[in-house]
Amino acid sequence: MSSPAFAPMTEFTRPSGRMPHELRSITLECGVSAHAEGSCLISFGRTKVLCTASIEESLPPFLRGKGQGWVTAEYGMLPRSTHTRSNREAAKGKQTGRTQEIQRLIGRSLRAVTDLVALGERQVIVDCDVLQADGGTRTAAITGGFVALHLALQKLVGAGKLPKVPVQQSVAAISAGIWKGMPVLDLDYDEDSTAEADANFVLTSDGRIVEIQGTAEAEPFSRDQFAGLMALAESGVAQLIALQRKTLGL
Amino acid sequence: MSSPAFAPMTEFTRPSGRMPHELRSITLECGVSAHAEGSCLISFGRTKVLCTASIEESLPPFLRGKGQGWVTAEYGMLPRSTHTRSNREAAKGKQTGRTQEIQRLIGRSLRAVTDLVALGERQVIVDCDVLQADGGTRTAAITGGFVALHLALQKLVGAGKLPKVPVQQSVAAISAGIWKGMPVLDLDYDEDSTAEADANFVLTSDGRIVEIQGTAEAEPFSRDQFAGLMALAESGVAQLIALQRKTLGL
Amino acid sequence: MSSPAFAPMTEFTRPSGRMPHELRSITLECGVSAHAEGSCLISFGRTKVLCTASIEESLPPFLRGKGQGWVTAEYGMLPRSTHTRSNREAAKGKQTGRTQEIQRLIGRSLRAVTDLVALGERQVIVDCDVLQADGGTRTAAITGGFVALHLALQKLVGAGKLPKVPVQQSVAAISAGIWKGMPVLDLDYDEDSTAEADANFVLTSDGRIVEIQGTAEAEPFSRDQFAGLMALAESGVAQLIALQRKTLGL
Amino acid sequence: MSSPAFAPMTEFTRPSGRMPHELRSITLECGVSAHAEGSCLISFGRTKVLCTASIEESLPPFLRGKGQGWVTAEYGMLPRSTHTRSNREAAKGKQTGRTQEIQRLIGRSLRAVTDLVALGERQVIVDCDVLQADGGTRTAAITGGFVALHLALQKLVGAGKLPKVPVQQSVAAISAGIWKGMPVLDLDYDEDSTAEADANFVLTSDGRIVEIQGTAEAEPFSRDQFAGLMALAESGVAQLIALQRKTLGL
Amino acid sequence: MSSPAFAPMTEFTRPSGRMPHELRSITLECGVSAHAEGSCLISFGRTKVLCTASIEESLPPFLRGKGQGWVTAEYGMLPRSTHTRSNREAAKGKQTGRTQEIQRLIGRSLRAVTDLVALGERQVIVDCDVLQADGGTRTAAITGGFVALHLALQKLVGAGKLPKVPVQQSVAAISAGIWKGMPVLDLDYDEDSTAEADANFVLTSDGRIVEIQGTAEAEPFSRDQFAGLMALAESGVAQLIALQRKTLGL
Amino acid sequence: MSSPAFAPMTEFTRPSGRMPHELRSITLECGVSAHAEGSCLISFGRTKVLCTASIEESLPPFLRGKGQGWVTAEYGMLPRSTHTRSNREAAKGKQTGRTQEIQRLIGRSLRAVTDLVALGERQVIVDCDVLQADGGTRTAAITGGFVALHLALQKLVGAGKLPKVPVQQSVAAISAGIWKGMPVLDLDYDEDSTAEADANFVLTSDGRIVEIQGTAEAEPFSRDQFAGLMALAESGVAQLIALQRKTLGL
């Protein structure tokens, strides 16, 4: 907050103390589930999401006989993953609109990089369960969900059921937002709740776009600001994809 | 978008026969409801959405006593608004994830241009019901929903309950997509179902962004392609806002 | 109904200003849906109901293999079709008892005049959605639903799938009630909410009865009063059936 | 109904063997519940309905402070009250449209003869649970429900909470139908499932009409046939009301 | 339980006035349902449960083709079976946890004594509906449910569909609890609501255990106290099994 | 349990290879949640349950004003905590009977050792979420849930809101079962699915009983076998309580 004459960037201090383009500490721990065909625990700082991929050798009725497989995702938050306890969706008897939005987004993101025909008539269900939430759970879920999916597909290859992993690109996701007028990367909860705008980017390893969702929380934002968010996101996703590839031994 | 000098636009024919940057015929009919405080029927070609705004002089419990009002939206499709009949959500006992996504989007878009403090402790509920669907129902709903909202707020002003309409900007929305590699504006159903990517833009009258949602349907898209979509959207929204303002007498 | 020589009809003024036996202005607009096999928009004064008939070339499991088809109906009201906004049934997660009663009534009424065996193993679903309500929505739905059904069946005949329209009679419906002790026809909302009794009559073109539902709202009514209601209804339905036939070109 | 001089009643035999105007054996057993303020077990032949009336000294929120009370009814069938077992509504998670129709009918019928203002700000809930079904459960429920209601109100009078029973008339109900072209009274299940038309009449002790519901099952019916049904019903209800009054010591 | 020579049983008085080891008056009335394959009405004092067994000659999909049948149970309470009225589960749209616990217990208890392979590929559904509740409804339901099941199986034997009743043991159930520090048998509602602990025992005719459920209501209990409860239960179940066998003519 | 002199324990090998009285490896990790007032991750071998305790300074309406607090529990399994994936309860829209049974059991167990009056008018909600399941999830949940509850209550003491932790006893739970005729302690999934009987014991630190639930899976069991199960459980719970106390520093 004290601004030395030449150092303008120092004038600006995010609640997290990070630089505008700085990711939180990201970790990826694979094979955390004894049962799932693929699994990982991904952390973006204090946000922790358990991702498991389950292979089912059959398809739901409406997808059968089309010569292709399916990848879908489900998302949930443990009731006390949040700062104050939220009601359990199973007890309320329905999933919120937010939950449904997020799980649809994860599923679309994973399908966008999977060759569903090469997958064959089977289904992979990727469950992303938030153990602890501190902002960015949906982007962590996509990034970790891809790893769990890949591990499960590797297992099919290992078992001789597929010749190679039917994935065309890596995919990862990150948020960026406008905080006090400044684009910043990877918002945590405190930053997110005071940001003017918030966007999520789902990008592939060859730099293309799978999903973009940008929302003005308080104030509409300009095209230039949006370009700033996208630049931050591209740099962030590159780092995430490098970590995924290292973790998966690609 | 930039077509080489000799490149015959004629080679490229959208299913609708429209030019890439051409909107469908858009109409706005106000005051269609005998009961609602504000209402309009908006058509984007064959897509028809009935928008009504209802004012309630009380707030739901969790919003009370905060010195501000609220604007929210609900969205529905008549069962046979679609090419083949869809099941009635009321009969299934729940709204789909898609419905919830859309109504949350409409609500956020309208709140982004409303001064909730100036609105006072009252609620406006904007219902957007699709009578006939042919692509672009959510963008029609936002564009028409703004008109219904404005009419209802005018009524409050007319009744002396508000000194002026507490709206800061106009807001409208349009879709753009990539069809056979080419950015095109305002996709109808046939175009949408064969597009490679699809994006919705919610923009204000001063050219800022309220919401962006871009989704790769088949293939990730590039940053340049996305820029092309945004350029189309800006031109489309400008036309929609001009129509809104004319309709509202602004 | 029979007024003594000197008895001034002028003494008795319905809220609507109509004569006791006078219908509201009734209009029927066909072909209003681009997608449905049959459709019409029916108005009884300010009451407007959109009726669509959808043909499905398969039957629900419990109806299969019985050598006959099925006609069923669904009913809904847009949230702001009413004077004050009602909650959306899809959002509440269930249809009210009133909704279910009405859609069962519409379905029974339409089946009563359809030759289900001649229809063959297919189903017609008639959706009746109230765009604007001002009393008499269920009778408008039956009257308009019959027109939508007939149009859809004509389409099957036109496509060579049926030799002739498998409908034995026209069917239409009207309400009558006792208002300040006097039988009156076709109650609007203001009349209905102050009536002592209310009855709905579903009658065929040969003057027979498909359904009668009479309810004392405030006070039980006499057999003679009920006879008065039935006489009014017969005259009203005759007019409605004439309009249906003219509209359908029968 | 009118049989020619020599016309052998023997030619016409109802499945039950009863005469056209003949009720089944009707019994009413009061005080069958140890807990309810009023209760009875009513039988129409093999149809058995347990009716209890519960008094609650408070009203649901939307009825409070209007200076009157309320009478409402709920209806249910035990899963094996029927010839073949039906699914339990509590397990399915919702009440059928039929159940809701019936309980609304019972509630309206009982309210039509109760002075709600004299009842004061309390509620009576009448539960009608079908222990065994053989046709006519809704009419049995109304007839028995009135007795349970009256007993509960007598208890309030006995406790000094009301000066007198706030009931203006007795109310009872019976079905009549057209079976092989002939009006017959009080259909049992076998008769009901082969009848051409079916009507339920809810009538008061002074011969007025509270509810009429007539439905053509197979074939529309004529005005004369309907008059025949009503005449049968009037005679049947007179017998039921005599039994109620005797049971209640009126 | 063992009272010292001079020991003043008189000092210890259960609310019911019964001796610690004394059952309420138990009655079993068979064949109370005209439709069910097996039925009985069982009373433990004022607790009355109607038990019906329905045979279905098909199995739910997940049980088919395993060379065995199935026995399941459902449980419900009429709304006014209780001291004060409870809400109807069908109206609330779900069964309470308590209801589900009880019906699962009844089902397990009946299956434990049934030879499911000998039963063949059919299902018996035992419905236990509480008409009046005064404590011990689940134990009454198991004891009566066994009788209804046996009667239904006898009917299959009578029809030549089974060579003999595929039941290996009788099964019955009773509660015991600790009331003012003393083990007592067969608690009624008043006793149950003031007991320190409460246990339910499901035992077979050869003295073995099918289910034990013991719960400290207020205060944990000792191993010796639990042994006392079990001794009471064994004596109580022996009496119930004798009554079952007499009723069934075994 | 009593093995004849020469009877080789070697003859008897549990699937897990453990001795009959041997617990799995048990671990307790505290403070695993950044948000919850109390939390732990408990493992019984491969079974892992995340337990969090959330304090709410208000009570649900029906508990208010009674001069006491409340402790309740919720239970859930992640979809792929199990060997094959289970459907997500939030997606199905309801909790299974098993889930409800378990969460009711956990809540009763924790309340049995808590002084609710000393707790004051606040509520503790203990969420037990199974991350990985391999038998014994409910007993792990009770044992870990007590630790989470105690930690949360310590926090209230630390904040000066309570003079001391209002807990009277420690409580822990363990399963025991009959496997090939032999009582064995702490069944894992493989053992549980082939056991003849299965029981869960919830015991306090002073050796008293809070809950006992014993179920014959295949064959009723004898009183002596049940005594064997209880003896094993007492030894197992003693070890668990020692671990709890060490972890909590008691």
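In this document, chain identifiers A, B, C, D, E and F correspond to the written order of the chains, with residue numbering beginning at 1 in each.
Assume contacts are C-beta pairs under 8 Å (C-beta built on N, C-alpha and C of every residue); 3 or more make two chains touch, one makes a residue touch a chain.
Fair warning: this is a prediction, and the values are worked out from it, not measured in the lab.
> Walk from chain A over to chain C along touching chains and report the minimum step count.
Tracing touching chains, the least step count from chain A to chain C comes to 2.
> Touching both chain D and chain E: give me those chains, sorted by label.
Touching chain D and chain E alike: no chains returned.
> Could you work out which pair in A-F, A-B or E-F copies the interface of D-E, where over half of the contact pairs coincide by residue number?
Having compared contact pairs by residue number, the answer is A-F.
> Compared with chain E, which chain's mean CA position is the farthest off?
B
> Relative to chain C, which chain's C-alpha centre is the most remote?
For chain C, the chain whose C-alpha mean is farthest off is F.
> Measuring centre to centre with CA averages, how many angstrom lie between chain B and chain D?
It comes to 52 Å between the two C-alpha centres.
> Could you state the distance in Å from the CA-based centre of chain C to that of chain D?
Spacing between the chain centres: roughly 27 Å.
> Let me have the rounded angstrom distance from the C-alpha centre of chain C over to the C-alpha centre of chain F, please.
60
> Based only on mean CA positions, could you tell me how far chain B sits from chain C in angstrom?
34
> Would you give the residues of chain B that are in contact with at least 2 other chains, written as numbers and ranges?
Only 93-94 qualify.
> Since the chains close into one ring, what order do they take if you set off from chain D toward chain E?
D, E, F, A, B, C
> Under the touch definition given earlier, write down the residues of chain E that touch chain D in their complex.
Per the stated touch rule, the residues are 33-36, 39, 46, 50, 52, 54, 56, 74, 76, 78-85, 88-91, 93-95, 99, 125, 127, 129, 131-132, 134.
> Note which residues of chain C are touching chain D in the complex, please.
94, 96-98, 100-101, 103-104, 108, 112-113, 169, 199, 203-204, 206-216, 219-223, 226, 230
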